[in-house]
Amino acid sequence: MHAIGVDIGGTKIAAGVVDDEGRILASVRRETDADDVAGIDAAVADAVNELAADHEVGAVGLAAAGFVSPDRTAVNFAPNIAWREYPLAEKVGALVRADVPIVVENDANAAGWAEFRYGAGREATDMLMLTVGTGLGGAVVVGGNLVRGKWGAAAEVGHMRVVPGGHYCGCGHEGCWEQYASGSALVRDGQASVVAQPARAARLLELAGGVPGDLQGPQITEAAQGGDALAIELLANLGRWIGEGSASVAALLDPEVIVIGGGVGAAGDLLLRPARAAFAEQLSALGHRPEARIELAEHGNEAGIVGAADLARQ
Amino acid sequence: MHAIGVDIGGTKIAAGVVDDEGRILASVRRETDADDVAGIDAAVADAVNELAADHEVGAVGLAAAGFVSPDRTAVNFAPNIAWREYPLAEKVGALVRADVPIVVENDANAAGWAEFRYGAGREATDMLMLTVGTGLGGAVVVGGNLVRGKWGAAAEVGHMRVVPGGHYCGCGHEGCWEQYASGSALVRDGQASVVAQPARAARLLELAGGVPGDLQGPQITEAAQGGDALAIELLANLGRWIGEGSASVAALLDPEVIVIGGGVGAAGDLLLRPARAAFAEQLSALGHRPEARIELAEHGNEAGIVGAADLARQ
Amino acid sequence: MHAIGVDIGGTKIAAGVVDDEGRILASVRRETDADDVAGIDAAVADAVNELAADHEVGAVGLAAAGFVSPDRTAVNFAPNIAWREYPLAEKVGALVRADVPIVVENDANAAGWAEFRYGAGREATDMLMLTVGTGLGGAVVVGGNLVRGKWGAAAEVGHMRVVPGGHYCGCGHEGCWEQYASGSALVRDGQASVVAQPARAARLLELAGGVPGDLQGPQITEAAQGGDALAIELLANLGRWIGEGSASVAALLDPEVIVIGGGVGAAGDLLLRPARAAFAEQLSALGHRPEARIELAEHGNEAGIVGAADLARQ
Amino acid sequence: MHAIGVDIGGTKIAAGVVDDEGRILASVRRETDADDVAGIDAAVADAVNELAADHEVGAVGLAAAGFVSPDRTAVNFAPNIAWREYPLAEKVGALVRADVPIVVENDANAAGWAEFRYGAGREATDMLMLTVGTGLGGAVVVGGNLVRGKWGAAAEVGHMRVVPGGHYCGCGHEGCWEQYASGSALVRDGQASVVAQPARAARLLELAGGVPGDLQGPQITEAAQGGDALAIELLANLGRWIGEGSASVAALLDPEVIVIGGGVGAAGDLLLRPARAAFAEQLSALGHRPEARIELAEHGNEAGIVGAADLARQ
């Protein structure tokens, strides 16, 4: 059965028709305003109607950045869109002409599900997905099922605590994993190294145009790929935190594969090798089970569309 | 359907017939020798045969302390019994007269399942069980299903890392949760406090007969219940680590209830109150979901029998 | 012998004549511009000349916020004034009419020395001074002598590391004591608690006018003095870090008294009691020596003048 | 002036005549019994009398492992000898024929002083000595003076806390530096790595004769010198903790040189290089002062004799 997936961001939406193999057959985009929730409803419905006019679809999945109600109909809270206990499926459904079920999913869960079904996790039954971007998001699959939790708030991996008394997080707590395993952490550490170790940071400072505060993650990756020792160390440190935190999750869930998504994946082996080494070093019950694989995600930005569509038709 | 559950320990086994309400209708015990695996097979089969002679049963569940194969037939490794890749279900099955399926489960999983089905978690769909004994064991239920992991090694909660560079664990790693949230940790902290703060530890030292190394967990609980400030602090510290670690698990799994089993539960509110406070303080997404309840387990030592029996007949 | 002390800040200087009992007999102030170092020289000299016209003085001490050269003549670096390897004593000396020695001291050292000679440390030979303000500064006295270090950079107490992987510091490192034991840390923790524990933070939020980012340290003290549980906890946490870090210093230096200066002292026992308890709990060799006293500083803003004057005439 | 130094251990004493250049001109040894304090007095006096018969000496210094009274006459407490508030100088003095002053010093202080006067610190005014043996001891020199502290308990460097919630120490506290920067820590980490990473630990296990618990520090050094990656990592980790902790001390005291004594010095650059790198990475105010040198001690077991003699004649 074909299905439509819609990825709803703060300023734009992307929708696509997804076939049984996870391929996007057609897609459309719309610009939106994060404060105009009715406008978002209309734009989503419009995109769905346009796609459904040309394709026979059996379900619609909406990927939303926020806490989704356990019955998958509403967004209880979203950090970047003005949804509060908002019955999104019902609102959009009222504007969609086709008579198909509409399901809401958390966007990180949708993206993780795309990897599980059609990407780096497709041969696994138990998977941890980590999306290492500005923050650290993720998705968890156990025994072939997506873990949503009792109240739809599962897979907030970035807020597991890894350092008591550690860096503050926007969530108000200290030592969240996100503060050590994210693009923001990489940039923060890079900027700090310019202050603490100016001699070693010459190349980074140069790439940042001489302004430590302008240093960006891709510049660190570029420097590392060019052989800069400090940049390599910064990426290795990020990889180490990914691997060590994953070992804690593995103690709890014993996954078969850990999939790393997000922009930092561009660093490739400079990130993966230390991540795998740290994971192996920290894994409990080593020797009594194989080590989970740590792999890069295969899908990019379209993962939300694919995963939302597939979850809707399950 | 009635089923038999068998809890296989290092020096004794306990078996019982369990009805659909989780009640034990009849039970037997056998002494065993941890190094004599054939003798254990025979004792288990003998107990099953005895119970099956008087009761009609549809399945047999064996609860074993060790890593159980994902197909639930073998014990891959056990710390205290000489099982190595041992096909326990087949071995016992060859000696059991009744023609019923025999299933092997990890003992902590079995005990957790008993709480989920017939105890403190019976109204939940998502549960974390923590067994706070000498070590820290546990079980995880997600969406009504027991989480075993890809290789049967899930729910090793005690080996999630909570303090980088923290106390060494018998597993060879530093900072495992078990080193902060277990009866052993309580005793270790109590004994250390006698050295570091002799004036405050007078009551504890008295209960230990004047020998710091003889201090036991129940003595700390006794002192706390009698109002001793240091003992109350020690239990509060244990509770705090239970609560803080649980908040990390909740970030990942969003459970409805966290069930605390094991001997330290005797401390009651002296343990639960600080555990709940710490959990609430550390929980991410507070305000976007209800707080999981933290409750004491309702079953005692017989939980393994009940859970193994019930898992076998599922 | 009377001496003149001058406390040179970024935007103003304060100078005074100090007698042998540490009393200020006369004082003057001048406004300055942090970027105009020659102007600062002139203002300092002018203040000295004015005071010296009416008082017989034997020495002049200049307290400067920065790294002072070991020979006490120059400021090697200052964070807030444009001094770089600046021969301050010589520059000022050229403009001072009286023929007296001019000595430069770090301002925190000068303030600590005032406490040692005429304040909370006056009966001690070994003292640790902690100035808990926006940051965490200090001074160290060993065997009656101020500790300046080989290169004049001693007593940077705020940059001892207390948490590996902890909060970033402006110095580019993680986990500096200053990030846990300062007014800034108190405010940061208070603001975070409003996010993480909104229900408990109602009173703090009210005092901050409803804007978490506007919460100030004195408001936390006010709330605590009014009985607010969260505010009391925040101050206790600050006190705990002061006490625990001090215990590490005491392991190294075995001081007789630890003097707490800076604005947070206004919290009085709400800060001191947890500081003392944490110090006693963490102190090594307890029982083999008395515990150092932890006391509030007795001098306020004029400590720099008094200490600089007294150090100059030693 | 020549002086006699006596190093008093639990089971033997070593005494020597020390000249003005720190050379030992003659030496004697005696065996003793740690529980027989009168016997120790007699043995010490006997050794002193023997040496003084042939050499003109002006003072006698006794190096004792324990807390020494600030007036340098008594041992207040010793962990390995039955001294409790014991007036050692008076007791020994009553048995010594020569009429010379007798002074008691802590043994680590005496050894550190020998390095300061005649060893790796001889050109410095401010020195931190770290003796990395079974534990972590040390000595501190500030402005040319040995730091004894108010109650003679200074320089207990091993009990500065470096990891909150870290490894327990025999002193009853958690996270003491000694638990990370000592030979015992090296051995503990090595033994743990055999459990956690058996594949990488093959060489270490071989050197330990197949018994993880038999692994010794010198075997780790041997393996590292032979190129074993895990052993190199273990020593680098030890070096890192030495360097990072030293950076905290340097924030407080700004020493010119940090001298590393004790058995692990045999690892040479395998230890020093990571120690120096970590020190530079963690040092505050980098760029505003030179980096302290980190050097190996030049004296061996005789440092206590030399330092005690020299301190006695000062």
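Labels A, B, C and D are assigned to the chains in the order they are written; within every chain, residues are numbered from 1.
Please note the rule applied: a residue touches a chain if its C-beta (ideal position, glycine included) is under 8 Å from a C-beta of that chain, and two chains touch if they have at least 3 such contacts.
Note that the coordinates shown come from a computational prediction; the quantities given were computed from them, not determined experimentally.
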Checklist outcome for this item: Set A-D beside A-C; more C-beta pairs touch across A-C
Checklist outcome for this item: If CA atoms of subunit C are superposed on subunit D, the rotation in degrees (nearest 5) amounts to 180
Item to check | Farthest chain (mean CA position) relative to subunit D | outcome: A
Checklist entry - Could the interface between the copies subunit A and subunit B be described as same, meaning over half of its residue numbers are common to both, or is it different? => result same
Next on the checklist: Averaging over Cα atoms per chain, report the distance between subunit A and subunit B in Å.
Outcome noted: 34
Checklist entry - Between subunit A and subunit D, what is the gap in Å from one C-alpha centre to the other? => result 52
Checklist outcome for this item: Averaging C-alpha coordinates per chain, one finds the centres of subunit A and subunit C separated by a number of Å equal to 46
Checklist entry - Touching two or more other chains, which residues of subunit B qualify? => result 163-165, 171, 173, 196-197
Checklist entry - Once bound in the complex, which stretches of subunit B touch subunit D? => result 163-168, 170-175, 180, 188, 192-197
Checklist outcome for this item: As the complex stands, subunit C meets subunit B at residues 164-165, 196-198, 280-281, 286-287
Checklist entry - In their complex, what parts of subunit C are in touch with subunit D? => result 67, 76-77, 124-126, 140, 142-143, 145, 147-164, 171, 173, 176, 244, 247-249, 251-256, 282, 284-285, 288-290, 292
